[in-house]
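Presented sequentially are two complexes of chain A, the first with chain B as partner and the second with chain C.
== the complex of A and B ==
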């Protein structure tokens, strides 16, 4: 019962990154179901659908065509239906100012995109494990901020 | 089933009394009961094999408790749940320790083992199995969560918070805070304050 699936969504326009991402999750011990989308428009179309299965964690790439990660983040934060989703931002930038701004806008997790597969796996495992603790231990999600 | 047969026998004239013999397939009986109950409670599931059921979606706790109770009448117990209950007790005990100033100095392994009447090794393995994290990490996470709560909701200084949570120094708390969350306590405070300002403007 406690080992129910953790639903994960990634929106990223880079095909290689999406592949790395799904591969990394397949190698983790934690039971996850991963869905990917190619850009922000596709993602929001899916989420806004009435019977969409909402993810436990949503990973957003910052630079996407049509609708970027920050635009998605703002849209998601405006809709109460999405309150339970933990939002992780994937970015290549590590400017302190930018990171803080993203957190202020409502992101829970900020990840500097790792350059190698082993680090990516470790990072994703950390995210999912900590999110799991928030999910199962009734921790205050408003205080959920994590930078990796 | 046995009772109904008996009644029929009593209703019949004595001369027609008869005895029948029944053969059971226990696996089939259990499976049928389980399946009926799962369907009755609208639980989306997959029966994986004998004694293992996968629940495919989140279910309401009250509904699940009722489901578990009804199975009990048939002598069917949910085993994993016993483990979950113990894990919950471990978590509750940890939180109690962190929030109680008198317990904050007590060694957690000793206290947990004593309070829950299991060896620490057993508790520790069980905990890792179910929660994907270790008791040690969970304690740190909970302490940091408590520190966060105090940062945003009390007037205590970081030094006072460090003292209350039994850290040897404010630097120790800051370092652990940064290790767990990736950000410093002051950045955390700044972000939460800004978020509140934005929310208040709306």
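== the complex of A and C ==
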């Protein structure tokens, strides 16, 4: 009955960012279902629940209270159940260490949060429409960071 | 060469001594023999005289007896017979004497036998004629006959005696000759021996004098050396010591005592007495045998505290090594230095270093966190502004639109400033990931980053082939971006920017700009443009953080870009220099060390 949609989850402690995120998807003409969580603990509680509907793409903010993005990334990568989830790091920072660490830990793409709404929409649309299989097989450090 | 070594060896003096002793013995033996000879010869002279005298005497007794006999024969007076009888006795005595003198000479004995025969013959005639005349008076004729016979025998006796005297004289002469011969040769011999001995002694004297001079010289040098080493110990505040590992004997130099605040040699030099000064917490350094701390004949240096006699706390450092002396004893020689100043200085330096490092880290962290965390609200302002512009712009009055634009440009400026600061703090961070990489690739990346700007300005970039080097790739790329970006930004209006990038491999010696004390080889990369240039007096100022030559209305910028360049070049042990001429262009020269 329901149309094919892309299930998207964002974990970010910043209310404004969550608002931009959901607004952007509302304006985009892509059939998506967006869930947001306020921190890493909430996210992991949801994912670990037996009845959870696992997302196609998970956007992870790095700097979060209680459990930060890196910790979530490690937990997700340790559990085979989550193997099919594409993980996009979604952070204000674009420091070398963060990029390096998340790449090594198995994230699929690194997005620096854009500073205007039009760019944000473009980035999110690009990311959710990526052919993940294709992207992941040719993944390297150079194309890990999404260049705008 | 061999002779020379012998002359210098101690055996030489000993041999000279032995030879001289033998020579002196030889001379005394010869002299003794000679005196003996002299003694003998004088005895022989006396002997010859005795013989001759006795012969003369014998002859005179014979004459006496003849005279007596003649007197008696002529006068018949018996008083004349007295000397005759007397002489007869004397003759016998005298003859016996001569006989005893000559008994060791066969030739004289033969002569003596003849003489005896003549004498007895003569005596016979004498006694015969006397006998005859006592019986009856002798006729003149017989008397004459007898007298003639008597005279003839007497002549024979005389000639025999003369012959004997002559013989004795001859013998004496022969002896004298022989003695003279000996006496002529021996002095020459003795003289030569003496001369040789004197020569040998002179040579050894010279040798001894030379040795003495040398010894004196060595002694002087030793005294000076000793003095200077004492002085050096005082100036360098260290003392020296020796520990005989076999006999456990210990020697401390004067300064060891002085370092402990004691008078030189004021206590017995041994380990126990020294350990009394060691700080109780550092006694572990002196536990066990001294040999425990020796590795490959070297005493590994160790630092410990001591409490001086005046209760001052000082830091000492011991070091030493093993030597083997002539008696095959293992001796540990070492020095004890007072390193208090050094230790205190290094302690305070260490402390300062820790503080400095901490404050530096704090500053970096602050810089990073500040610029990083500032991005977050700024990004949101920008996003909200962009949403406002998109959705509500047409609802604003003209004034409102103007305010909106101004907010936008201010926020954009702030974003650039924060980005640059973040880059600067990244360039300053201590962790550096060096990689060997082709700089041409980094230059291409930089051009790609600036592609939009290059296209807009229709800039032309000529570049020589750059080398492959060990660098921090993202920083060098940043450096290229900043330098090319700088040239693009400060280009002349209506003139297409032209940037020439050249490369050369140089050493510090070849370049006037870089300090001569480095022996490094450098890659010299030059960026030359045809932009607006600058006054040369600002050439150094432009690399200082936040320093700008232009108003922000003329050229946008934060004054951070070139400061980042300088930081990056310094991270690569290099140098950056700028040369400018207004309206002509600018040249940026960077030197990157090849030994990063």
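What we mean here is this: the second predicted complex is superposed on the first by the 126 of 148 C-alpha atoms of A that agree within 3 Å, B and C clash if a C-alpha of one lies under 4 Å from a C-alpha of the other, contacts with A are read in each partner's own complex, and residues count from 1 in each chain.
Convention: a contact is a pair of C-beta atoms (placed from the backbone, for glycine too) under 8 Å apart; a residue touches a chain by one contact, two chains touch by 3 or more.
Source: prediction; values computed, not measured.
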Which of chain B and chain C A:129 touches, first, second, both or neither: first
Partner chain(s) touched by A:113 [first = chain B, second = chain C, both, neither]: second
Which of chain B and chain C A:30 touches, first, second, both or neither: first
Contacts of A:20 with chain B and chain C, given as first, second, both or neither: second
Of chain C and chain B, partner touching more chain A residues: B
Chain B/chain C common contact set on chain A: none
Chain A contact footprint on chain C (complex, rising order): 372, 375-376, 378-380, 382-383, 385-387, 390, 415, 426, 474
List of chain B residues in touch with chain A within their complex: 55, 58, 64, 78, 80-81, 84, 87, 91, 130-133, 138, 141-142, 145, 148-149, 152, 181-183, 187-188, 190-192, 194-195, 198
Touching residues on chain A, where the partner in the complex is chain B: 1-4, 29-30, 100, 103-104, 106, 110, 128-130, 132-133, 136-137, 139-140, 142-143, 145-148
Chain A to chain C touching residues, read off their complex: 14, 16-17, 20, 92-93, 95-96, 113-118, 120
